[in-house]
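By written order: A, B, C and D. Residues from 1 in each chain.
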Amino acid sequence: MTVERSDESAEVDRTRGRREKRRLEAFSDGVFAIAVTLLVLEFKVPSTSGLPPGGLFEVLRGEWPSYFAYLLSFGTVLIMWVNHHVLLDYIREVDHAFLYLNGLLLMTITLVPFPTSLLARYADQKDAHVAAAVYCGLLTLIAIAFNLVWWYAAHRNRLLSTGHDGGGQAVTRRYMLGPLLYLVATGVAFFSVMAALLICVAMALFFALPYRPPGSQSRGG
Amino acid sequence: MTVERSDESAEVDRTRGRREKRRLEAFSDGVFAIAVTLLVLEFKVPSTSGLPPGGLFEVLRGEWPSYFAYLLSFGTVLIMWVNHHVLLDYIREVDHAFLYLNGLLLMTITLVPFPTSLLARYADQKDAHVAAAVYCGLLTLIAIAFNLVWWYAAHRNRLLSTGHDGGGQAVTRRYMLGPLLYLVATGVAFFSVMAALLICVAMALFFALPYRPPGSQSRGG
Amino acid sequence: MTVERSDESAEVDRTRGRREKRRLEAFSDGVFAIAVTLLVLEFKVPSTSGLPPGGLFEVLRGEWPSYFAYLLSFGTVLIMWVNHHVLLDYIREVDHAFLYLNGLLLMTITLVPFPTSLLARYADQKDAHVAAAVYCGLLTLIAIAFNLVWWYAAHRNRLLSTGHDGGGQAVTRRYMLGPLLYLVATGVAFFSVMAALLICVAMALFFALPYRPPGSQSRGG
Amino acid sequence: MTVERSDESAEVDRTRGRREKRRLEAFSDGVFAIAVTLLVLEFKVPSTSGLPPGGLFEVLRGEWPSYFAYLLSFGTVLIMWVNHHVLLDYIREVDHAFLYLNGLLLMTITLVPFPTSLLARYADQKDAHVAAAVYCGLLTLIAIAFNLVWWYAAHRNRLLSTGHDGGGQAVTRRYMLGPLLYLVATGVAFFSVMAALLICVAMALFFALPYRPPGSQSRGG
């Protein structure tokens, strides 16, 4: 009898866990969507007074670091959004701790507009390497948060759907590249801003590639 | 016959109440997501002219009150979002008055970015205690709104799902701690900013802990 | 045979119309949620230099027009959100024109933060009546858009669910009060800012009251 | 046996593709909703000091380029939102590449507030043609992104629902007008700002009209 009630109560928890997962998806999608849209606020309309000889066109052309920073940040957050989907795809249900770890990840995502503006404004200044290090540093934090979310869910298949047993470890190895290489980029930023940002671009492209671990359900045949 | 039609009409109301609950969840999630994402606008890119000898790095290091205020506010709103979920989990359906009480709660949540910026800017000023009191004061208002929402729903089990009879009172006692201790923090702010903010941090941690009242459905076995 | 295929194609349209309704709800909820959350950007952190003798406290106390404008706008938009729900509750499906009329309504809603800031900044200035007239003028436009949306849907029961036949006309009469009284408030603003804003407060309270037209489904017994 | 498992795995992929479609819709709706709501931040409250003789009213009247730019941008993004719905209506499921192409489209959409502000501020300046060209240039990019999304999905009916075979090519021809005419507008902007903007208005109206290609499912009878 006790066992039966336990089963029932576990079932109630599981149903709640699945419903919570849907709301977590919606909340996360909202945060990603807003973070990505706020990036446009970085662009400031140039003052109509005191324009250079080339006028507005020359001013806008001189803003190329802003455009580059915008493209890199939008692309990176978009790719993270796709990866967040893939990650949640492996997950059966969420629990209390997962909500907070995911919240930590979202916090690092919402911070992206600040280092983006910093990078845009300081790209052609003496302190460009500080701005680039802060930028790469935040990407390192995002990657660490991503790994924490994944490790927590994948540890002893705590929250994973069945059928991902073989794939889980491959995903773990793949995600681990994030913190390592972004940390390298942060260090490189003090020597070469360009090299640090190239690592960020390369990482974005790497994580943009579709990936399915060996042994996952949809690798039939 | 009259009774039957009454029953039917009550059923229609209940179906509407449950559909309304889903849309209220989506709207609330949206407001929480946006409030939490707007916090990043607090961070201002330092002007490239007039940097101190230590350059951008020194300026960013001096901004620690901003980082602390950001972390505290993001954490607090995230924890409130989780608690809002837990609260709605107890609720079967919503009615007209509930929509407005929940709207009052959302209003206090959307205000968070303002005292956060205030605290960040004034933390190292003579008027830090005013900024901290405003900050704690808003958290008090949020906690009061939370209690109003809960009291309204729990009064004579007005909107609660069945199976929470025993647990309801425990939740009531737990929630009541919010307004009381945040009010204490508001008073303490006039004497010690540090002590007031420590209470806020402690409250956040307390409400972050998972909680299930005795007698709730999922406490089987 | 032709008739049958026509029926089928009408059925496809109706299914699409109902799915479109759900997405329209989600989009509208998003716009309402963002408009309401952006209102907080109206509050500016006072500069730490040049504070009056009373310090930060005196400055914040002097900002009461901001707080009033914020409360009025948040309340009004929240009430409009609830009424938008009630309106959509009557509606069975949406069509192309409805999407655009609803878009017009959303446009007027997203404008709310601007006159709110205007009112807050000019409330204690010589030109307060201009700011109040712009504020009431926008509310008039919102109310007109609301009526257009409703008239379009209710005309010959174009998009209404069944069972609202009697109620539709009562709703029409009730909504018509909006443009009329907000227009009066706009005119009154040129003579008395206070009187104009009192009309806005009264209107908000009036539309906040729950309402179910006579003859609606859920008025059984 | 191998074939069977392949079928099963294809089925799993298809289910995932349909679920992904729903989340893509929600994310896209969020980005559209935020981009459209951020447009209001373009309006700046005039400083209370240094008003012209006509006071606040004269200042607000002088801001007509802002109102025009706001209306044009809100209308254009709203119409694009509706067209995005129609496009997704043709689509059965989404794949990895589609997520990124749609992300590219969303990126161009989130940029809209910047050229809108630029146009508003420079409309009565010597450099108005540069601002108008940037504005039309972004609309060209949006239209190109729209076409990429569509071409990718429609190529050999890769992601289309069945029953749109005849209609697909008509849609392709219709969408192609976008990049072509917006590019013309971009060129025209250097000679006549007014003419360029008139093309944008005309394009908005053209794409606002409901459209169903010949041979689509709901054209029965």
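As a working rule, a contact is a pair of C-beta atoms (placed from the backbone, for glycine too) under 8 Å apart; a residue touches a chain by one contact, two chains touch by 3 or more.
Values in this document were obtained by computation on a predicted structure and should not be read as measured data.
S.K.: Going by C-alpha centroids, which chain is farthest from chain B? Tell me that one.
M.R.: The chain farthest from chain B, judged by C-alpha centres, is D.
S.K.: Would you kindly state whether over half or under half of the residue numbers at the chain A/chain B interface are used by both copies, giving same or different?
M.R.: Both copies touch with mostly different residues.
S.K.: Could you put a whole-Å number on the gap between the CA centroids of chain B and chain D?
M.R.: Once rounded, the distance between the two centres reads 36 Å.
S.K.: Just curious, how far off is chain C from chain B if you go by their C-alpha centres, in Å?
M.R.: 25
S.K.: Out of chain B, which residues touch more than one other chain, so two or more?
M.R.: 26, 30, 34, 38, 41
S.K.: Strictly by the criterion at the top, what is the full list of touching chain pairs?
M.R.: A-B, A-D, B-C, C-D
S.K.: Going by the contact rule at the top, pick out the chain B residues touching chain A in the complex.
M.R.: 25-26, 29-30, 32-34, 36-41, 43, 45, 48, 51, 55-57, 60, 74, 78, 81-82, 85, 89, 208, 210, 217-221
S.K.: Using the touch definition from the top, list the residues of chain C that touch chain D in their complex.
M.R.: 2-3, 5-6, 8-10, 12-13, 16, 20, 23, 26-27, 30-31, 34-35, 38, 41, 96, 99-100, 103, 106-107, 110-114, 117-118, 121-122, 125-127, 130-131, 134
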